[in-house]
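Next come two complexes built around subunit A: one with subunit B, the other with subunit C.
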Partner chain A sequence: MPHHLELASVSKSFKSNKVLDDISLTADAGEIVVIFGPSGTGKTVLLRLIAGVEEPTTGKISIDGQDMVDVAPEHRDVGMAFQNFALFPHLNAFENIASPLRARSQGDAQVKEGVARVAKLLKIDHVLNHAPRQLSNGQKQRTALARALASSPKLLLLDDPLRNVDAKLRFEMRLELPRLLRQAKSTVLYVTQDYKEAMALADRIAVLNGGKFVQVASPEEIYRHPATVGVARLFGDPTINLAETTVSSDGAIDFAGQKVAIDRSYAMFKDRPVTFGVRPEAVDVKNGGGSGLAAKVMAVTPLNERTVLLLQTSSGAELLASLPSSSAHIPKSESSVSIAFNPNGTHLFDRETGAALRGGRA
Partner chain B sequence: MDHTSTLERVIRGILIALVLIFFLFPIFWIVLMSFQTNETILRIPPSIVFEPTLSNYTALITGRLETTAGNLDIAFMKNLWNSVLLSSASVALSLVLGVPAAYAFARFRFRLGEDIAFTLLSFRFAPPLLVLLPLSLYFKQLGLTNTYIGLIWVYQLICLPLILWIVRGYFEDISPDIEHAYRIAGNSWWQTFRKIAVPLAMPGIAAAGLLAFIFAWNNFIFALILASADKQPVTVGALAFVTASGIQYGQIAAAIVLSIAPTLALALYAQRYLVEGLSLGAVKG
Partner chain C sequence: MSSELVLRNVDKIYGAGAVHAVRDLSFTVKPGEITALLGSSGCGKTSTLRMIAGFETVTNGSIALDGKAIHALAPAQRGVAMAFETYSLYPPLTIAENISFALKAQRLGQADVNKRVRDMAEMLEISDVLNKYPSSVSGGQQQRASLGRALVRPAGLYLLDEPMGQLEPQLRAVLRGRIKHYLREHNCTTILVTHDQTEANALADRIAVMEGGVLQQYATPAELKARPANLFVGTFIGEPPMNVFPVEVKDDGQTISFAIAGSEGQSLTYAAGEFPQALRQRLKSETALMLGVRPHAVRIGKEGVKARVITCQWLGDQTHIAAEIAGRTVVSVSHEQIAAKPGESVALSIAGQDLHVFSSGNGAAIAHGAELV
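And now, the complex of A and B:
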């Protein structure tokens, strides 16, 4: 079975500025692929290429096995929600949502039914006769989403649809969207720069940086085995602790002046300049002295279900630790603790290329 | 809390009244003149007390001007009709040509695009008299002299650049994503232009159309040179009131009142668009 969406070596340049550089990606029918990356990396451009609003400079885009290059947007059967909503200001919410149905020359009764269905799903049925300027941001966003969903397109392109809505709604929509998208049964390409959104929605995440995909993998895989330092830094809150260091011959690493043994197989990276990373939740903290690394608690910040500690080792290196707030052993500020690293949350990266080094498997 | 004192409001009222009197007095005086005979108009000192007469209007409408030197046929109503025809047809043609062109200039970057747009604008810089001599020679050869088509064609010099440049700004202010969204929803380029771009630019199109209409209506020199009496608009037709027996001030005044009436009515009707249009189009969001 061919992939539903296939991008083959797609590049896009604006004048001399290369925005997308040799991008390849496939998505199966019904799959939700999140395109994740910092702003200005060409995520939106990628969606526009697929929608047909722009044409790639080189490369091939095919939907359902059909070559889409030079096919007009109206013939691609995609739905798209724009970051800035792009509602038609002179049409009310109903007509906005109805536009893809009317374009498919459906009868009035069918249009009414179709709009009512998505409007109910998105809880905007009470504002259908409002003009876009009378809608709140949240309602605008839902209207834009409803318009994209209305014709049940086979391919749904969502360009950071939660970017311009308030935090409360974003949280609610993050919970609701996966259900909505499954219900739509479309293949979804979802652009975001919020890693939590990416983790919550994605079957697979494609991390875009500098016009290239740095890693395409499931959310768990990306979190547990980030391909580069950059990916490790983008996913996780609080962010991963990173330290530039070297590996000694027994596989222990030098951290803040002390040898810390993590994984014997690290010995193969001996004498190589590396960056050591450890997730805050993989930092085990014990009150008082112990066999581990000695450190002092500088600050304690409770964040709902987790509490974040800022620690400082005797040599002055700072790192973050994150403990479950339910833990009975949360140290006090200014107290002395002993820390150890859980090997499951530690990573080693080549300092020059930033690429992950995998002990034993690399 | 009211920050404006009574004094301030009184002064503001007086100033506004002064400005209104300054601008409206000539029109007011002309309206008065149109109801007077030449004798009462020319008496010294002038007075606003007079016996009103409709003779000026009847002369214009019946087309017979009675002067001391005898009777004279004037084609004022025909001129008025010519003005309406020439101006509306010119604006209509300009809209048909100019709105799609404005859209093209706003949305697409093509070779020489800016140069073409600027050349069209430069028609407004050239003194009409400079263009008229060669134009009248060409028109003779083409057989366009003294035809409505010829005049409407020449009037494009007035209307087209105006419409093109004002409407272009409006199209540029519409987010391209709105049009993209309509295309993606399954509509062709032409439907998107008709259902999205044109309705959203409508205030600008209305304002530009109205301005073009006023400019075309007020044009004098093109019609004077390129048309003879039966095709001339009111602006040229008014010359007929300078007769052998003197200048017919009363009829001129009545003719002015009749000839500003259509544009005035149009401007009053569309002034909301006009103000909104002229201010919005200029500012880029």
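And now, the complex of A and C:
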């Protein structure tokens, strides 16, 4: 059975500017694939190619095994929703949602039923007779989503649909979306710049940077085993701590002038310029002195359910640690602490290429 | 150098009484304290900041710095350093010149000025753009330069308007830490205005939560989380937000139970002895209440209220599980990576000490755990 969606060596250039460079990706029926990356990396262009509003310069796009090269956008069975909502201003919410159904010349009863179903799901059934300008941003966003879902397209392309809604609603929608998307039974390509959204929604995340996929993997794989230092920096809040260092022959690394033993198998990278990374939640902090690295707490900054500490070692190196706010022993500002690194949250990267270096650890 | 700021019964009315932007606002910022004015747009936080800076007149009330009324003085005479979004950098000056411009009045030696600018730039990660002009650097860098210009000079009071709104996410945590450390080390009395509760919680010693021109609560971040004055504050602070559901309370002498509205008889039940008499008396006088519970206090286990899992999302350092009871979503946060399948039935429990009880009428807090408000 072919993949539902397949991109094979797709490139797209606008004049001399190559936006997408030899991209390959597959998505199975019902799978949610998140295209993640900083702005200006070609995420939207990729969706436009799949929808058929742009043509790839080279490469092939197939849906259900069929080459899309000669298939017009309206025949691709693709639904789209954008970050700027793009509702028809002269139509009320009902007619906006109904538009793809009417385009398929469905009967009035069918249209009514189809709209009612998605509107209830998205909790906008009470504003269906409102014009777009009478809707809040959250309601506009839900209306746009409802329109994309209404025709139950086999393939749903969502371009950063939560970007222009406030933090509270974004959080609520992040919880609701997986259920909605599952019920729609569509294959979903979802574009976002928010790593939490990506991790929360995706079966797989495709990290796009510089027109290429740097890593395509499950959220867990990407967080626990980032392919490059760049990917490691894009996932996690606070961002992973990084230090340029060297590995000694026993596998210990030099961190802020002290030898820190992490993984003996790191010895295989000795003499190689490396970047050491440790996630803030993998920095264990103990009050007072101890066997670990000595540091001083420069600032205590609560972050939702966690508390972030800015630490400074005696040699002046900065480091962030993140602890559950409920933890009983959160050190005070200006206090002395001893720190150690939990090997499960540490990484080694080649300093030149940025590629992850895997030790002998599974 | 650091001053005490006192606002007393301050009102701001725009037009002929058309818009009452700030109502009877009183609060004190102690010397060296960092206070955040927090609220959504239109809550009155920016009007308050502009009155303190001198960009708006005070309709009623007084603003005093170290006991001296300043609300009738021109902005430049108030001894206040500012970083405002609208208070932009001087376009014909480089970033370094913009920052050092703030030191002109000090009559420092050139070497001293240069060092202060360099140190400030290093702290704010703009060393590499010091010789560039504002128009050729990013919005985030402009914002940091503007912050640097405000912080580099000594002042009795620092006013920072959404100082980190455009900050790159990769820099946010470390800069928050550095700035908080800097403000503390230099004992800067600071007011920062923000709509972002995470920013306020990270930086402030105390947060003034505003809504509809009215101060809702002025307290430390920990206090706002543990003892929110009302439902608005309770749900505004924290992400994921506080879970809230309507309940009916019953006290049979042995147990106190909170029946969840619409849940077909499901309730949270506690030994009556967990709650003091005075609180039980107070609860008896109310039948319908709102119950609030922070996400980290919702435990998932074998015993408790039955709920159906909607979604389970692992974010790297925490897991958010949303479950449904009586059509309402309850969110539980765990610091571990845990798996729960959508559709699965789970049991949720909440310790009595983690309950927040609010009046369902005006939303005022009635109790936090066993503590009667």
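Convention: the second predicted complex is superposed on the first by the 360 of 362 C-alpha atoms of A that agree within 3 Å, B and C clash if a C-alpha of one lies under 4 Å from a C-alpha of the other, contacts with A are read in each partner's own complex, and residues count from 1 in each chain.
One rule holds for everything that comes next: a contact is a pair of C-beta atoms (placed from the backbone, for glycine too) under 8 Å apart; a residue touches a chain by one contact, two chains touch by 3 or more.
For clarity, every value in this text was computed on a predicted model and none was experimentally measured.
Asks: Just checking: does A:337 make contact with subunit B only, subunit C only, both, or neither of them? Give me first, second, both or neither.
Replies: A:337 contacts neither subunit B nor subunit C.
Asks: Once chain A of both complexes is superposed, is A:239 in touch with subunit B (first), subunit C (second), both, or neither?
Replies: Second partner only, subunit C.
Asks: Looking at A:167 after the superposition, I want to know if it touches subunit B, subunit C, both of them or none. Which is it: first, second, both, neither?
Replies: Touch partner of A:167: subunit C, not subunit B.
Asks: State whether A:155 touches subunit B only (first), subunit C only (second), both chains, or neither.
Replies: neither
Asks: Could you tell me if A:256 is touching subunit B, subunit C, both of them or neither one (first, second, both, neither)?
Replies: The answer is neither, since A:256 touches no partner chain.
Asks: Kindly classify A:99 by the partners it touches after superposition: subunit B alone (first), subunit C alone (second), both, or neither?
Replies: Only subunit B is touched by A:99; subunit C is not.
Asks: Which chain, subunit B or subunit C, is in touch with more residues of subunit A?
Replies: C
Asks: Looking at the overlay, what does A:175 touch: subunit B (first), subunit C (second), both, or neither?
Replies: Second partner only, subunit C.
Asks: Who does A:247 touch here: subunit B (first), subunit C (second), both, or neither?
Replies: Once the two structures are laid over each other on A, A:247 reaches no partner at all.
Asks: Quick one: which bits of subunit C touch subunit A in the complex? Just the residue numbers, please.
Replies: Spelled out, the residues of subunit C in touch with subunit A are 40, 169-174, 176-178, 180-181, 184, 196, 198, 201-203, 221-222, 238-241, 295-296, 310-311, 313-318, 320, 322, 329, 331, 333, 335, 337, 342.
Asks: Please name which positions on subunit A make contact with subunit B in the complex.
Replies: The contact residues of subunit A facing subunit B are 48, 51-53, 72-74, 76, 78-80, 82, 84, 86-90, 99-100, 103-104, 147, 151.
Asks: Would you tell me which residues of subunit B are touching subunit A in their complex?
Replies: 175, 177-178, 180-189, 191, 196, 199-200
Asks: Using the touch definition from the top, list the residues of subunit A that touch subunit C in their complex.
Replies: Checking each residue of subunit A against subunit C gives 166-168, 171-172, 174-176, 178-179, 182, 196, 199-201, 219-220, 223, 233, 235-239, 279-281, 298-306, 308-310, 318, 320, 322, 324-326, 333.
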